[in-house]
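Right, I'll just put the structure down here and ask away after.
Going in written order, the chains are labelled A, B, C, D, E, F, G and H, and every chain counts its residues from 1.
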């Protein structure tokens, strides 16, 4: 049985939705506009919806002509059409430490929404003014999954991790300078967090954090049906 | 209201179970046996159960005298007494790539069990003999959360991530040599995984992976009650 | 006896074909167009064929005027005239993990062809959708030498190495972001591969991989005549 | 005029107290016990007091025979005799994130005391249980200078920096594992702190932090007499 | 009680002046001009003064239209309006090693002035021509706090630290090439300085050094009133 | 069909000889003696021969009791029984730069012999005394595959690569100090070699180099039968 | 006595020629054209000659108007007027490994000439074609000082060091890609060279190598008069 | 003509004295005592003198039995017999920054003496007490070559380089902790020194510095005879 669609330069994984619950998403960096368009078309034909991340403004302009019903968000750089039919119970709360982290936070928030999550947002709540975070302590405690986005020293996930009994997915950003090394520093900070329950994705990978958050929310939503079938 | 117990050198976070669902666990590295004993005692008194990780054999021998009912597992280096009353639905599947990764895998597996998870284990299923992993493809697809432990080049989580619709928590290990740099290489590999849905914890941090897996299983088990109360 | 041709800024190694079986190839990065043209001319005069790699479009345009019979391939950035007279037995199979790795894969494929190899290509068969690779399992097993090109986490060579009894030459690419560090991560991944039989060349060095693959195919083709003369 | 005492292997900077307000202190690492003893003797003869840091237990035992009036503290590894005559106004508050950071915190606290500061201590107030720190918010706000010691992800100084209008000196420690890289991670974290007013010293350099804190307290104590003389 | 002003993308910390003695300052890198303008307006309204750092020329031009009374300094890239009412006793002396370090030195000097310090400047006094520094030995000895800015090998703070009994804040700069690694080398140099009493801030962080220097001068100016209230 | 033997902590890849031409070899580092013994037994039972690398002297002593017919070589740290029945045409030439590189060179040489290669050895022919290498210029030109082992600056493969038309596999070693960084420097040197036809394996990985060399010699020996069947 | 000329942003070290035998040279990177012009003027007025390195074409055009008698060399990017009156005995031989290294080699060669050395040049003699270097073996053996410039793997100084009894100054260049890390790799290679008698300067620092070579040639030229006065 | 003596594991470069003016010296690290003894014997037989560096105490004890006339210095860890017949004009001045740098400084000083240099020593003259160095300003100005040894931040060569018109060879040491990274920091400091005329050798490589210093002194001593023969 054929599980992919061969375009030569690309083998579109059309089986992925069956296998993992979500269709393939296009990561645009390093691909030509023509390649993106071809893959987007196949995904759209196959799943009735499609999403592409890290698309720059020029590429968006070209693709909009070909896909007039698609939306482009200039902050998150997401180009998408359609979206999840269902809506999972519970909330994914996206926090970010500073104003400059908003683009990555929005990549996460909009991805999670596209995949079927309800999403809350609290931005610019970095730890150097701890009262800003503490003002939302209840929301933090109540969220199903937390995506915590931070550049600079990346300390926010450690504090958040201590305020919640839900999983925290930390996203370091490339926002900073000097000893920040394009995001290496918050990445290391988050990996060595003294708060248990924090896991980490790649620098600026808002998409990946949202993807995992959505897998978790789906699991919770389905009441662990997979699991149940084991017992 | 007092949320911690002050021992001077340590402030035991007795409130944590209320706040996050799980009591504090002792990370033994860098602490004296006397300090570990004092904290273990407080936790045991407060919660009726206690766990300590990264305890070496000498420390275990001393502590066993003081806590005769506690167990010490020499492979995982976990010292514990009591455990979770409940048992979550679904299974946490712990995979590891090579024989030398077993101690970290066991730290994860035993932590998850102590916290209330059902745990499956499949060890030595590294990608250089891909048929070993594929032999368990169904189990991989069915698991609620997957903890994937790998040293050397750390490629296993990428393959596993593509076979499942459940969240994957990757744990790089310090098993390797040369360009492996004590685990830095599999850490980077896992962070840059082309499989979405993979998040990463610190090198050798089986405990952290299991902790997050347990938070996810608890969320799934409770049918997202937190979340539900929001809607 | 004079073994090189002295241009002052460059000593063209005209003896190399005698010594190693293949003429010198021009690496264009860091050279002026005038320098490239002068060396290309000498090689062409001496060997009746010439090849230059890493030539950008502007340089190609200038050189095409001087060498109207030469070809320029914009994907691989190779500028060449003529090629191998012979054709070695067996096949070099070039695999790449993602669409963005194609330029490096093509540098390898076209170099190997220019040097006399038969070349097969299978692109976008990264490990996060393992069925794509497994669909070509027979081809992988049959190939004489495999060149495996991958960016991101660079896991593909480890899986391929376990599926074949032929040498695998791994090429990390600079395709990725964040903790990928411009190709450092797949480089380290490949170096620490748990699959034996994998060796590695520099980041984006499709040329080098193809060069070594060609040396191997030549050795196989000649039935080890060198060696035979020893016994 | 001679400003130092020449021992050949060492030139004791006997002028330093005049020049900077404090005598030279011996850093024992890399020196033989005989060398330490000789320098300690000179300093004692010259200033009537002396201090040595990073002295291991074996060295302390040998030196105690030669300097029976000196004290050795096994936690901070400081060997000292005598101390400051004066006592500066105000308090240096030493905070540390975890129990394993106590030795570095004590090196800082005892150095500051030896140099004439009043010292407060609050240990194990790491950010993953933020209420522990917030319980001392008033003390933090009131302190003249704060020395904040943290290993792991080193996030504490960022939070403290936002709670005070006094200078914060951050000390990363080598307490941690894996992606912590022997203290490199908290060092980078502290350097990229989004809290202004935080400066950083070398990994485990409790002494250096205390030295600078003492210079600040002296400046404050003297009502900026230096400065005043300028206006 | 509300301690911040919520602009959505930013939570302006209006309480900071009360809490720390100085209002929030805008770090422009990574923020849009519109965002900077909105925050600048709020700060101006709230405090009657405002400052923004790392503003490029284009941004300055746009903002000058909106804030005609503000000043822009093209060397330090500071945009500011108003400033400290008071003037602290004593002097902050800003030294830099080379001509190319002047922009960072000016960021420090102008920030300190804006915050209420008297500032002296001695530029291009790097250690390879030690007599240039020694010519100002008296000024160095007399200053209340010293900010020492250096790129290349960053050796200046070590020498300065040995000439003064006042705190030295070292600022590495990104001025250099090759093994300088964009400022990593002077950063490491300063952190490992054999001169006690030297602390370090991030690469090019003239602002941070000046901020801490100002906290120290304020402490000295106020005769340790905070502290006094403790005794 | 079962392709492996499940020992729980290890899944012995008994199918590998069929798949790749050579049986699995045990890498001892990180495994207990009991684990090594169990795997060695299975391999021996299955293939009639077995090999284990990186076995220390203590482990060798224990295993020798269990496997009295096995040999242990203290220089290469290889423990083996039996070996290849066939002997490939042609020669693998193992070169090393310095005396301290001999253990890694011997790991390579003995592995290649065990796998069926004829092996030549030329040791201590580092480039700082280039006449030593040039004395063997004919042997270098004649060899089928060259394994070049070097620590320190790792320059030898670049020179050798220019003297031969056969593939060169470079092995950096951990022999060196200071800026050698445990083998990182020769690793990087070899990866950036200006000699085409050089590929690289992990630091100290003599085994891996020999494994790939053997795959190449097998290919040459079999006259590219695989390949031939394609045409 | 005043040893420098104070321009505010710069303190011109006019005493340097007396102290070290050579006047100050301007490193243009990071300086404005106005600053360069002012310093160049002072040096010219004071010494009757001046030199500036790393000057780009635009800067050269501006400065040429102000200093019509000065020369600009576009390859080495040196701008200079006048030069050494004397000419030292013996020859500085500048070697470089590849064509792309020529600019750095020329910076070295022209600096050495400006300082009074006789200079020989042999370019593109990299080790992958060892016969090119060996063709100049006599020149190498005869030179007074050798400056060896190499990018890529930087192996040339090790071979040269073994062919001469004169000091070798190695200059790594930023010519390369991938694992070359902008010159870090040849820098490390040269530092760990197994050839004694090789010292190293910063990446691309042709000037620094030439400066030291000139100090050595001056010392040799003067027959060690300094030294003689000691005996 | 045979230029080396083949011991199998080692090819003794007996021709080196003819070629470079000095016999080979044994670097003991990584060699067995038996290997060292064999090489030492050959060198002694051939040249009538021999030297071995980095020999530990145990090795020295064994070798002393075999070579009763040899000397072992426990500080420099040099084992030697005989030495240079001649004595060059002029002085090599060895400076070191701290007491813990003395072993490396002595390796340099004793090597230079063994090779025929007159050597001066000034130890513990680090820049944090600049008057200690300035006290020897005349000696610094007069020396023929300066070897400057420093750990920690490695700033000393920059200051020395500005005080002399003779070549400075800088030796970073592994003395330090934390952000010193086993000598990486002073290595980088020295490479980026703003003082021209400074070149650098590997961490702790006192031998290499002395070797190059001796080549320079020989060149100066011989009045540039090599060179003279060219003109």
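Just so we're on the same page, a contact is a pair of C-beta atoms (placed from the backbone, for glycine too) under 8 Å apart; a residue touches a chain by one contact, two chains touch by 3 or more.
Just so it is clear, the model here is predicted, and its values are computed rather than measured.
With contact taken as defined at the outset, chain D and chain E are each touched by A, H.
Of all chains, F has its CA centroid at the greatest distance from the CA centroid of chain E. In this assembly, the chain whose C-alpha centre lies farthest from chain H is A. Put simply, the C-alpha centre of chain B and that of chain F have 37 angstrom between them.
Remark: chain C and chain H have CA centroids separated by 44 Å (rounded to whole angstrom). In chain A, the residues that reach two or more other chains under the touch definition are 98, 129, 162-163, 178-180, 184, 187, 191-192, 196, 202. Interfaces, counted as pairs of touching chains, are A-B, A-C, A-D, A-E, B-C, B-D, B-F, C-F, C-G, D-E, D-H, E-G, E-H, F-G, F-H, G-H. Taken in their complex, chain E has these residues touching chain A: 3-4, 8-11, 13, 15-16, 29-31, 35, 172, 174, 182-184, 187, 202-205. Taken together, the chain H residues at the contact with chain E in this complex read 97-98, 126-130, 134, 152-155, 158-159, 161-163, 176, 178-181, 184-186, 188-196.
Those residues of chain D whose C-beta lies close enough to touch chain E in the complex are 19-22, 25, 88-91, 118, 141-145, 162-169, 187, 191-192, 196-202, 207-209, 211-212, 215-221, 223-224, 226-231.
Chain contact summary for the complex, chain D toward chain B: residues 98-100, 102, 123-125, 129, 131-132, 135, 151, 175, 177-180.
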